[in-house]
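Reading through the structure tokens given below for one structure.
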Amino acid sequence: MLSYILKRLAFAIPTLLIVITISFFLMRVAPGGPFDGERQLPPEIEANLEAVYHLDEPLPMQYLRYMNNLVHGDFGPSFKYKDFSVTELIMQGFPVSLEIGGLAIALALLIGLPLGVIAALKRNSAADYFVMSLALGGIAVPNFVIAPIMALVFGVLLGWLPAGGWNGGAWPNLVLPVVALSIQQIAYIARMMRASMIETLGSHFIRTARAKGLNEMQVVMRHALRPAMLPVVSYLGPAIAGIVTGSVVIEQIFGIPGIGRYFVQGALNRDYTLVMGTVVFYGALIVLMNLLVDLLYSVLDPQIRYDD
Amino acid sequence: MTSSTPTPYRGEHDGTPLPAGAPNPPSGPDRHTGESLGREAWRRLKQNRAAMLSLILMVILALVCFIGPYLLPWGLDEVDWNSFQTAPSMTDGHYAGTDANGRDLLVRTLFGGQVSLSVALMATFVSLLIGVIYGAVAGYVGGRTDNLMMRFVDIMYSLPFMFLVILLMVVFGRNIFLIYAAIGAVEWLDMARIVRGQTLALKRREFIEAAHALGVSGPTIVRRHLIPNTLGPVIIYVTLTVPKVILLESFLSFLGLGVQEPLTSWGVLISEGKDMMESAPWMLIVPSVFLAVTLFCLNFLGDGLRDALDPKTR
Amino acid sequence: MTLRRCRVLALLLSLAAGSGQAATLHVDNEGEPGSLDPQKSNNQWDARIQKALFDRLVDVAADGTLIPGLARSWDVSADGTVWTFHLRDARWSDGTPITAEDAVFSLRRLLTPATANRNANLYYAIHNARAVNLGKTPPESLGVDAVDESTLRVTLDHPSGYFLEAMAMAEAAPLPAHVITRGERWITPGNTVVSGAFTLGDWIPQSRLTLDRNPAFYAADTVALDKVVMYPLEDTNDAIRRFRSGRIDLSLAQVPSSRIDWLRTNMPEALQQGPWAGEYFYMFNVRKGPLADARVREALNLVVRRDIITDKILGTGMIPSTRFVPGAVSGQGDATMPGLDAPWPERLSKAKALMKDAGYSPAHPLRLTLRYNTNDDHRKVAVAVAAMWKPLGVETTLYNSEAAVHYAAIHAGQFDVARYGMIATVNDPFDFLGSMAQGGSAAESSGYTNAAFTEAVRESETLASPEARFDALTRAEQQLLDDHAVLPIYEYVASHLVSPRVHGFESNVMDEHPLRFLSITPPTSGE
């Protein structure tokens, strides 16, 4: 097992190298640059700006410069937020995104898993339809609609919670963004869990377990739950990487200082260094999460082994 | 649960439970393929009231979207110079109101439905096709191949999607097929990971090993035994992919790749309507209702389909 | 004196009550500052903070007019080329005196190529400025010198009508030479030496930035606010919600058009609107194709009914425009596009005749692509304009893209008709017209050339008398409009949410709202 983990970690380096290289050139070949704004800059000034950021050098040269800096742990300064390095921006924003995203996932699992199991046990009953309709509401209304509605109702009309803002992470400021972010995940987890649980409950070893006289609760908890979670876990790996790196929608609607905005705004601003920083960070997280998922597979289903 | 108790998925005998660990006849999963599967599944589906109702509703909805606009008195980009952003009314012929440009919202929502439904269908199909085959092959072959294939998936996950889209647009211009391709290209990744996960669990099952022992070739095992047995989670995930696809299309429209004015889509209409929720709520509610009805139908239909394809449910 | 006593009283009260009694203003500042260094980044929201931290020789009053700042007075030679600024006795927040040398240091730094300041061209009238900015001569050769500790002399190559405006901008602020020369990172909380009404408190990127009253500011007595909290709210709807729930007192972001109607009905006391020096127009690519034909441009202009766009479709109070320089800009004359004041049927029939002349008919329709950057308002205007062109038989393809791609395409001349907007950097017609003159950025994109136009713009740069100068610029503008070189749509109006408890806020043409003139009673709770 240890050798498998080491091998996977060794693979992470070339994987990230490829990601960095493709992203670098992809971004630079795309039309539009960091200085393409409403007011076109006079050529003298554009030349000065390009020289400061070495954008006047040939692209391969810039690539080598970037890789060299990266090897030394330097992601460079942000084009847009000039008083901070990319590393500082990500390090300041990530804890915020992690907190909101982590809580949202915890909430989604806490609610989504039991809902899915209940719906599966009472399949095609009124309870099932009710629970699933509830979950469906979370998918049918996009979060860029539900989040402003929540902020309006609870923040403005009722005044129970702050309509937005981070306020150093005080709990009243966390409630709305966490709930808004988790609604969709609850729906995903509940739907997948229901289907997977129905499938598992139908298999013969569960019937064997029932035949042994175990009650339904014991059957579910001891035998069915773990194998039934397999597809949920497959989904959650990349999903967690996405959620803890922030949601631009949630961050903008609630004015939260996470890093989700950097993925979209960085790209829209052509903030090359910032985009590269987010790509490297997210890529590393994806690689890590998918490794964790693969390891978790063999915990959930001991028959799954990795060998050549 | 202990490791001596395998975790069988579908593909065992119906009927009397076998003792744990007993070999399963390889013929088990064959029930899922061939013509009998289709007829059998259809028969079961027909007995599921929620699923049938959903199916009928969806057909009606699609017909309304594709035929309806031509029965209404307004055109897609026809401006009613007397009605800018007016509320729904039975008297002026704008049954769902008008938008800020004086265009009939119902007509636009129905046209938007054509786009959203076709994007959902095509992009989901692309992601389904690539994701299922890719995931099943990676999981079944395993080892170095699996590792390389999955690292490719990691790479695809990590690339900045926006630049990918912008470049696609530069190279190929803008057209609707590019939308299907761009969305399908990112949506297959989750599908591949899920199918691979299921395959990893399935391939140690007795019926697969038995098929292997009987000399059934790898591609046949994947096609006839593995993929049919992963359909449960796949169908459910497809129903979850559709809303993602429909909303992703509106992001592509933001970048300029998606549908262009005067054409529209549900995703675009909803994101336009969200800022109007207090001043012109119909602009948010009308397209949202169409989207929500579609998604509800799709999900109950998905559940029904999953049940119908599952041999152990009856 | 009374004011000071009040403040002492307020301070005592706040000590007695614990906290929250200090005069704190919570402001939506629209976006995260790109830099606090006044010469490194120039978004409107950056400049607001930079100006609060760094006073300029020339300051801006609450109504947007220029007033003495760090310079108590200035005079200019008769030919308009030598400016002398007399600095007042003021100190940096660390107690060091602010001298003319700081001003010289700052202007040299501003034009140094490595600073890469985006507005450097506004200072090109200064002797040798362009050469310095191009790296051809050392910064020391710049035409600025400290006559003595408190006198700065700036030598221009030619008169510049907006020179004072430029000196009031954030980038022209004297900078603490004694701090900057010590090291690169000189603007961080706790490490910043400032000259303005406020010092930098804490700064959490994307969350909030706090400004505290600067006791060393020369007019600290007149500053009513003890603290200003600036929130970089990217989503204006977030700002509106926080405003409605009382968490912010003032939104310096523009209220989006989708919300104006609602606010006008439900919170009329909070919505403040006023003319703003900005022009919303469509740029024609006149280099080649159908739009090289002035008749087509005239016809397209004739059938666009600006009042329907501003009143019925946007409904934001924007001003229908028939000219290139917004009326709010100082020195704007009476130039107007010919034919747009005629009755509607006349306009339509004239436009149809022009199109026929130009060789277009239902059998041979004009096909145009109209580009706009993705935005709800831009979309609405584009859809409306396309619908208005339709009776002429014009088949318009709407083409939206995100801003970077949109502007890259415009700058490369890859468009037929493109949405464009200009917000004045300095309050002067030249800011608009110069960009359409030969070598100007808008002219480069649209391909517009006209010798008479360029000549009139050039002439304005040689005139020291404001009247003669404005006259030349008005002639230039009329030429541009006679050529139908652009399609003006509306003049901007600035719209802000201002709590009735906030005092000293005045709508003005440059949409400048210096924090030092604002006050609030009674205070709010914030985040």
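Letters A, B and C name the chains as they come in the text, with residue numbers starting at 1 for each one.
Just so it is clear, a residue touches a chain if its C-beta (ideal position, glycine included) is under 8 Å from a C-beta of that chain, and two chains touch if they have at least 3 such contacts.
Composition by chain, UniProt nomenclature: A = Oligopeptide ABC transporter permease OppB.
Remember, it's a predicted structure, so these values are computed and weren't measured experimentally.
When the C-beta contacts at A-B and at B-C are tallied, the pair with the greater total is A-B. Nearest to the common centre of all protein CA atoms is the CA centroid of chain A. Chain centre most remote from that of subunit C: B (centre = mean of CA atoms). Centroids of subunit A and subunit C (each the mean of its C-alpha atoms) stand 38 Å apart. A separation of 21 Å divides the Cα centre of subunit A from that of subunit B.
Separation between the centroids of subunit B and subunit C, computed from CA atoms only, is 47 Å.
Shown for subunit C are the residues in touch with two or more other chains, namely 237, 402, 405.
Across the assembly, subunit A contributes 31-32, 148, 152, 268 as residues in contact with two or more other chains. Shared interface positions of subunit B, defined as residues touching 2 or more other chains, are 166, 278.
Taken together, the subunit B residues at the contact with subunit C in this complex read 77, 79, 81, 84, 100-103, 166, 253-256, 260-262, 272, 275-276, 278-279. Taken in their complex, subunit C has these residues touching subunit A: 32-37, 40-41, 113-118, 120-121, 130, 133-134, 185, 187-188, 204-208, 231-235, 237-238, 241-242, 244-245, 247, 402-405, 407-411, 420-423, 425, 435, 441-442, 444-445, 527. Contact residues on subunit A toward subunit B in their complex (touch as defined above): 7-8, 11, 14-16, 18-19, 22-23, 26-27, 29-32, 124, 129, 132-133, 136-137, 139-142, 144-145, 148-149, 152, 187-188, 191-192, 194-196, 198-200, 202-205, 207-208, 211, 222-223, 226-227, 230-231, 233-235, 237-239, 241, 263-264, 267-268, 275, 278-279, 282-283, 286-287, 290, 293, 297, 301-308. Of all residues in subunit A, only 31-33, 36-42, 44-45, 48-49, 51-52, 80-84, 89, 92-93, 148, 151-152, 155-156, 159, 162-167, 173, 251-258, 261, 265, 268-270 touch subunit C in the complex they form.
Residue ranges of subunit C in contact with subunit B, taken from their complex: 237, 256, 258-259, 261-262, 308, 312-314, 374, 376, 379-380, 382-384, 386-387, 397-402, 405.
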